[in-house]
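Data block below; observations after.
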Amino acid sequence: MRDIQKEPDRRNVALDEVGIVGVLCPVNVMDRTAGLQATVARVRMSVDLPHRYRGTHMSRFMEILSRFRDDIRFESLERMLEEMKERFEAKEAHIEFEFPYFISKDAPVSGATGLMDYVCRFRASLGARFDFVLEVEVPIQTLCPCSKEISDKGAHNQRARVTVGVRMHGLVWIEDLVQAAEASASSALFPILKRRDEKHVTDHAYRHPRFVEDVAREIALRMDRNERVTWYRVDVRSFESIHNYNAYASLERDKAT
Amino acid sequence: MRDIQKEPDRRNVALDEVGIVGVLCPVNVMDRTAGLQATVARVRMSVDLPHRYRGTHMSRFMEILSRFRDDIRFESLERMLEEMKERFEAKEAHIEFEFPYFISKDAPVSGATGLMDYVCRFRASLGARFDFVLEVEVPIQTLCPCSKEISDKGAHNQRARVTVGVRMHGLVWIEDLVQAAEASASSALFPILKRRDEKHVTDHAYRHPRFVEDVAREIALRMDRNERVTWYRVDVRSFESIHNYNAYASLERDKAT
Amino acid sequence: MRDIQKEPDRRNVALDEVGIVGVLCPVNVMDRTAGLQATVARVRMSVDLPHRYRGTHMSRFMEILSRFRDDIRFESLERMLEEMKERFEAKEAHIEFEFPYFISKDAPVSGATGLMDYVCRFRASLGARFDFVLEVEVPIQTLCPCSKEISDKGAHNQRARVTVGVRMHGLVWIEDLVQAAEASASSALFPILKRRDEKHVTDHAYRHPRFVEDVAREIALRMDRNERVTWYRVDVRSFESIHNYNAYASLERDKAT
Amino acid sequence: MRDIQKEPDRRNVALDEVGIVGVLCPVNVMDRTAGLQATVARVRMSVDLPHRYRGTHMSRFMEILSRFRDDIRFESLERMLEEMKERFEAKEAHIEFEFPYFISKDAPVSGATGLMDYVCRFRASLGARFDFVLEVEVPIQTLCPCSKEISDKGAHNQRARVTVGVRMHGLVWIEDLVQAAEASASSALFPILKRRDEKHVTDHAYRHPRFVEDVAREIALRMDRNERVTWYRVDVRSFESIHNYNAYASLERDKAT
């Protein structure tokens, strides 16, 4: 049978990435408390394609994914990328996992426990060196400082979403980024709140008004202080309760420069 | 050329609906103020298929849509469905338009004007008789009565979304449903708010705390009082600012029964 | 602390459903092969609210979900609904789980194995009696019979999506519905295909041309023959490779009537 | 009334972007044939925020948008950004419009006419200089060269989506990018096809098999030849009809380097 993908290509156009996207896959990811956590990931995998080859055998990505999906952590990601480079004879390999990660969380007064979900992403590449970005989406509450200041009582507030991504030297946990985002908010969100918890959360948010600008800056300061973080990007967007659109603030910083 | 769709089918299975979905189309829809409003609709069109035919010529839906898209209103919808029944030799025809509808709205104190967008749906069918459902999604603010009652200051609030659908006798405008939903909320949302408007909106919401249950009931009472409404369905869901999930309340009522 | 939700409501409007939606939760669901399968579900839970109460204590839904999420099957769903009715003093309780379900699948010639994902839904209600609908989305291939007939070579084909929901008497497995949908298609989809598999799949699809109308009817016949199925609904939509919209066919049948 | 946003901030963190996102707005965009086309855009607007200010007055974005939305073209985008820089005392201003753009398209044999929709994006920034990226999503058909080669009859094919973005020197029209993408595909998609058109499209696709890799390269060659294009990025992903995931190929090239 002819192998068309392997045939030479004369158009002289190298491709940056050739791969598969939108693969859904049950995975185990590293969990600070439990060691491993079972979840479901959406996966993207790719390699570069030199100008001289016509195409890629996409099924190989699936085979590699199958072998590694039971234990996704930093070390295995690097081995996975090495194998991709080898099998595809590529100079660069890329992989992204996006998955909900669950953390048990207690209500602030009653201690009632439930699970919070956070969308996480592992973005890893291997060219000349290994590159890894950990990204976490953290839902928070923001209470508007302007609304609080000018109004007789109360202040408009809303759900907002922080996306914080980091490059690291040493290990930064998903839990560390969640903690940084929640500590920078008017309030964290909770899976279960009894009435006495709801009072606590409402009062706490009222005492900690935050624009999206404030949240982004507070997280930036925390990332600056964390010596394991070498690069970060922060995006905060709030689903304004008084408008039908969202406000956002973002910044990116490479601490090496 | 053989016409496979027209060939007889011996499986003896009639189909309820055969058609096209996800068609994007620029349309003009009836506008209470301006007569017609230009917007973009996502369209679904279908007819029933008797057991004796193998298939449907889908391109005819697109031809009919092309001819009617410039003037979408109650009367033209009925003519459109009649033409669908004729062309397809069908007993029933269905059509749905979903589109953003824009209404100019003034800030409550400064009068600053901007456009608010509301997702609307026209759902029309013609079998033995013409059936029409008008559905409108209205973003609102809800401020939690429990949080207000038990907290020292402030109360958690958030963006919420009302979906209200009606069958009618006489004309009910999109604007009527928007007005009913906004009047039942802790506050309406606005495109532009100056600081003195923001103070007004914050104070108003604090004086009008509403659970999703309250909003659903207030809208129901308004639909009960509106003599042109013969049937309604209300769904209210709030993007809770203290939880990572949404609370909702819904009811449906046929006033004839 | 005042309990506002429990206070009497004088508006005299009963609500059909009050609850939570969009909860993400790790669950174990029944798996024909392995007993249980770990996945992640999006959950909706609700009860009716009598006209005399103002609101519902939403956190109770989360507490019930926490206790049952480790073992979601028919029996536990009914117990879950019973507990919801009791805790909320409700006449009706509703629950919906939507989750990706993974099935190991071999390539038709090489036998190369990988995981296919199918979106499943459990929809259960308990009023006077227990009602359960199992719904599965099955991606398939459809190859156009008209295009095959009139063209010199080849025929346009595409990915399509079957949604089949059933009520049952006795047990119908997710795997049964997947099998019925794939057997009614031009071809099933596969996680991994080697070149000799791809030849087999291409040839098979070419020999089994199917309109969406054909697929819907073939599945209907299979559901008619399955004595455990008492009611079904089938929706087939194809992401046409020659148009920028989707074609669909649907039917619903209650075998008792 | 205190103006909190204007108050000094002592955290010494400058923000890259502060703005609004998810605004829906009716707009008129430049249309090669008709001069202007009415459509609906999703808009994002932002400016940088120096470290010394606490926040931004978000309502000003909406006011500027209101004044410009009737005539969105290169020239007006630059004026809009200039006004944003002035009003916000910013060093950089950014704006993005995403909208469906409609082009009338004839069937290849019958000439039957209908509208095709293409998602377009204008991304413009003004810092030291004006930067503009035009991005267009073009749905196409890809027919697998490998499947064609190894199979007895037919070949699997599917809908795919090209995203091509360009920077330019002189004017490149949306229509130019659509044409480049469709000419690089196995076949273009059409709004209306009669049977004789469907034969033509099926035969044409069978004679022009293309991997996503091929499509990306063919578009790259066209962009290389177009002297008005100074930079481009191409992404092609196909909704594989034999797999439940998508294959993709992408490249980016700055012709100046």
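We call the chains A, B, C and D, going by the order they appear; numbering starts again at 1 in every chain.
Everything that follows uses one rule, which is that a contact is a pair of C-beta atoms (placed from the backbone, for glycine too) under 8 Å apart; a residue touches a chain by one contact, two chains touch by 3 or more.
Computed from a prediction, not measured in an experiment: that's the story for all the values here.
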Neighbouring chains shared between chain C and chain D, ordered by label: A, B
Most remote chain, CA-based centroid, reference being chain A: B
Which of B-D and B-C has more C-beta pairs touching across its chains: B-C
Centre-to-centre distance between chain C and chain B (centres being mean Cα positions), rounded to whole Å: 25
Averaged-CA centre spacing for the pair chain D and chain B, given as whole angstrom: 29
Where chain C touches two or more other chains at once, by residue number: 1, 24, 117, 146, 150, 191, 193, 195-196, 199, 243-244
Footprint of chain B on chain C - complex, ascending: 1-2, 4-5, 9, 11, 13-24, 46, 49, 54-56, 58, 145-146, 149-150, 211-214, 216-218, 220-221, 237, 243-252
Chain B-touching residues of chain A, taken from the complex the two chains share: 116-117, 139, 141, 143-144, 146-148, 150-159, 187, 189-191, 193, 195-196, 198-199, 201-203, 205-206, 239-244
Residues of chain A touching chain C in the complex: 1, 3, 24-26, 38-40, 59, 62-63, 66, 100, 102, 112-115, 117, 191-196, 199
